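What follows is chain A paired twice: with chain B in the first complex and chain C in the second.
== the complex of A and B ==
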């Protein structure tokens, strides 16, 4: 602490010689520029090697018929982009990815906020319930996809179907029906992420000053009014963070549908990422895979910025 | 619902004694929430309990307790699948990837707050773009690049791929760092401490809350990653634990209990890690998001 006082004391001294002071300051500025550069160097290296070079390559390959092996590639212009937009499997992948991202985002948000509000109240067994919900977010979605595949097994031994059989209901072809498979994947994604996002909201709820509620109670506000006029506005930063994570994660989804259904049945749970990997690495159609990657980058960028803009607008309205 | 709305300050509750009513309300919440939690946890129970059953027992009663407890699945799992090897692979990759990422991110964050210039502004903008780039976009060129450098199918190659996460670390850390009292750094400089020393012995301890959050976040992401591991690793002895589970689906397609056993062995270390870290995660989240 004494160091701080000493520092500010030195800073308050009036400069004796104006030009000397300025020269010294400029020298120090330069030195700080150099220091700052050294600290930024590692991340710049990461940026160049892992982002810039690959991005430029992806953009370049997207205009060629490069197959990944032979270097005699031809410039094909927008051909790959045309193929992407006319390939039914890719379009289905795009459709499911968007559906997944939006439904999961809305579903998790709508369920996690009330859950967090309840977990913030006092009741017996609260710590237990909190821990259970928190631990859902720990296992990898890839592993959970594989486990749920067994649970939703169309055979009679599948858990869901054996429970249904106990009520005299016939086996449901969960993962072999197009719409049901979509439903199952989205349902599990919501199930797996509620706990984590509720934990996030809980952290924000605990940061709301208690006197806001006391004041509101004195003013005669009921519980619903308190929720709408205090809790929700105070949660806005949390909602911005949570929906941002859900949206950007949702658009990149790959693990869960891939391990559960491999994108099937047909292409009903196919995702953009799976399509990029399949075309670019699996089938050596680098050009098409790259075109898809470029489009995906642009689309993600637009969605992310739109979402940030909207969240900012909403949170400003609440302030 | 209406009755629960009253609080300590509300006067003269009708009919029933106020505290009694509050107690009943909390009891109802308890029962409902514990039930909901248990129902949600059924899949985890399902994985665990079936590792102690034989195949016919599991098909006959998928959710109940085993008729006869058996540890054969565990013995079999260790015999057929190199569980320890895979866990070690995952541990090595996660450790190096997370440590380097967080360090690079923290160094960059300090470099950014140290000085405001056109250069740092440009770097900030560049990193913003990198933050938005989905890893899928760069996957194909990165694969080619690593193939040329003979890094495909090595753990080091996988670690390098994960270093892209440094950008995410940077964003979480820089927000927190901006809220630090800058006088402390200034004072240390006047006392003659070099930039690296200031970074290491003053800045790093001060940002410990956000560092914990970032470490936990990245550990979770790296340990659980499937996409990169699946693309960049091909030989069986290098498999991470998630890949091993994925592989077990094919290997034990009809032997569900064995598959569940591998799953339990894969999940166990992460659960233990999180039991130890739970407190820090929650407190760190607030610190990170409020100030970030």
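== the complex of A and C ==
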């Protein structure tokens, strides 16, 4: 509302009525705030009980030697944090987790956008093809991991190695070689998530006004120019959403590497979440597990905020 | 749609109440039959498996009712028990095993069962497994031991009708198989099933006369197992086993063996049904001794035992002791034996599978078996670290000495 309009509206009222009007408006705003508070109370209670309290407890446990069996715990200061930073397995897990999150985010984004563009065109059997790609993302990654473990078996009898043998090629040590095991896990993660993210992009693509393309065609823009100057900028909100989901999901990955390789060979596909679960719960080292969780919470927050900041910068560039 | 303030508050209150009602429903009900003593029992066998024993016990003891609960092994069970103990909801009787025994004993949750009538006939190895500072804290009535399954036809092809007794003889057999174009041997290293080093270490420690219950004092499993590791690694260094085993799961390895793609596979009685269904001629032999100067040991362990909550008194304690007494009754042992358990209680012999008899008689009943995670502090840390380090060892990325150093450093940091 412009200042002029406000001035004219308020100016029509007598001075006494104006202050009464403002008091009433303030009182109504307060009543609405109180009512909103009551509506928010249940979810606020759930947030405090299930998120905030455990978070504070975790931070507290990270400075103790709590072992899960006795509440008589000792304050150990930063000892758990020191152990985390000097444990080679945890550091390797951190390395693979970051690699996984970045490569999967880039891989899925780079492949899902062209796929969405193709699925947005008219062709025979389009709905069926859309369903097929979306179907890959329906089973959980844990189930995917179990199935692909057999497909990528390093033995001669593995599914992929059998196919290679049919072409006269020798077996490839898929899950028994550190680099190949990393590749396999990341490959499956990208393959399994492309369909879902392509569907997300498809929704954004369908919201782009058709007249933009018609005008571009009249102006003589080719397909690549239309993609670079219309499709991609219009997709930026979708890219921000998709990459945010991929990055946050990638950083807390557990199910796929665990079911496929259990973090091996050695620690090559070990993840931070596996380390937290293994050390914190499996090995009753709740202090170390909590320290890891606190550090990971902070690191994830920083990475996600950085990623959102970069995405917003790029978004503004295209505005 | 507009609501007045009281309607809005009522809706908010109803929403809050709706979220609380399911939580309230989680509260436990105490519906014990009147006049009966209720004994809570947390098991890691599911209800179907535990039901026959509970029904028979309740039939024999009509004044006791078992309140059964279950959590699957191992991590989920341990966490469930931990939560109940810390939350003052301790079960009266529960499972004690290698992964939780040190914590349960250290924190005083389990009762000393030394000298009780229901532990008298347990084998020494089973007692040793759950003993700390001379006190027995659990009742373990059966054990398992691994061996080597072999394809009889393949061994016959290279002139073997009897399985080798020592590791050198075993390696000679491997060489003959390899020369004949047969893949000699497979292990599922992806699942951490390197079974041979434990068997060698068991025999080495036995020859030295080491008291296994003192191993946790030094807590250096790497140094203690190094000799066994070095001997075992010959099978990879000499090319008789595929180093790709680091990516091979137990199911994968079993499939290879059953399909005739490899002559020998280290496993246990749990795979016998699959072998029988496959319909080929197979045998199962004890793991060979490290050399002729040592006895043949197996990788194996006593089964988890039952423990009594240390704070039980009065009628509940009497009921709990009756339950453990029942476990070693003829009826119970026979039932366990029929379910496939290899019983190690004195005066009782399990009717085990024909293929398993040799291992049962020579390893299980005599207590000649060893499992690395059974006698050190922080067995969970040891188990998971060993799996990862063994994989690197088999890959050739580290030496046996580095393996031992990495294991012991990890154990020291977990203390």
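The rule is short, and it goes like this: the second predicted complex is superposed on the first by the 286 of 319 C-alpha atoms of A that agree within 3 Å, B and C clash if a C-alpha of one lies under 4 Å from a C-alpha of the other, contacts with A are read in each partner's own complex, and residues count from 1 in each chain.
To be clear about the criterion, a contact is a pair of C-beta atoms (placed from the backbone, for glycine too) under 8 Å apart; a residue touches a chain by one contact, two chains touch by 3 or more.
Remember, predicted model here, so these are calculated numbers, not experimental data.
Visitor: Which partner chains sit in contact with A:83 here, chain B, chain C, both or neither? Use first/second/both/neither.
Guide: second
Visitor: Would you sort A:297 into first (chain B), second (chain C), both or neither based on which partner it touches?
Guide: first
Visitor: Pick one for A:233: touches chain B only (first), chain C only (second), both, or neither.
Guide: neither
Visitor: Is A:57 touching the first partner chain B, the second partner chain C, both, or neither of them?
Guide: First partner only.
Visitor: Chain A residues in contact: does chain B have more, or chain C?
Guide: The partner making contact with more of chain A's residues is B.
Visitor: Looking at the overlay, does A:134 come into contact with chain B only (first), chain C only (second), both, or neither?
Guide: Only chain B; A:134 stays clear of chain C.
Visitor: Which partner chains sit in contact with A:173 here, chain B, chain C, both or neither? Use first/second/both/neither.
Guide: Only chain C; A:173 stays clear of chain B.
Visitor: Where does A:42 make contact in the superposed view: on chain B (first), on chain C (second), on both, or on neither?
Guide: Both chain B and chain C are touched by A:42.
Visitor: Have a look at where A:218 lands relative to chain B and chain C in the superposition and call it first, second, both or neither.
Guide: first
Visitor: Would you check which partner chain A:151 touches, where first means chain B only, second means chain C only, and both and neither mean what they say?
Guide: First partner only, chain B.
Visitor: Residue overlap on chain A between the chain B contact set and the chain C contact set?
Guide: 35, 38-39, 42, 46, 68, 149-150, 157, 281
Visitor: Note which residues of chain C are touching chain A in the complex, please.
Guide: Per the touch definition, chain C meets chain A at residues 5, 8-9, 11-13, 15-16, 19, 75, 78-79, 82, 85-86, 103-104, 106-107, 109, 190-191, 242-249, 252, 255-256, 259, 261, 378, 380-381, 384-385, 387-389, 391-392, 395, 397, 410, 413-414.
Visitor: Can you check the complex and tell me which residues of chain A touch chain C?
Guide: Result: residues 31, 35, 38-39, 41-42, 45-46, 67-71, 83, 86-87, 89, 149-150, 153-157, 171, 173-178, 181, 261-267, 270, 278, 281-285 of chain A touch chain C.
Visitor: Which part of chain B faces chain A closely enough to touch in the complex?
Guide: Touching chain A: residues 1-2, 4-5, 7, 9-10, 26-27, 29-30, 33-34, 36-38, 40-41, 43-44, 46-47, 58-59, 62-63, 103-105, 107-108, 110-112, 114-115, 117, 119-120, 123, 126-127, 129-130, 132-145, 160-161, 163-164, 166-167, 170, 181, 183-184, 186-188, 190-191, 195, 199, 220, 223-227, 231, 242, 245-246, 249, 256, 259-260, 263, 266-267, 270-271, 274, 278, 281-283, 285-286, 289-290 of chain B.
Visitor: Spell out the part of chain A that touches chain B in their complex, as residue ranges.
Guide: 3-4, 6-8, 10-11, 29, 32-33, 35-40, 42-44, 46-47, 50-51, 53-55, 57-58, 61, 68, 118-119, 121-126, 128-129, 131-144, 146-151, 157-159, 162-163, 191, 195, 199-200, 202-204, 206-207, 213-214, 217-218, 222-224, 237-238, 241, 248, 251-252, 254-255, 258-259, 272-273, 276-277, 280-281, 286, 289-290, 293-294, 296-297, 300-301, 304-305
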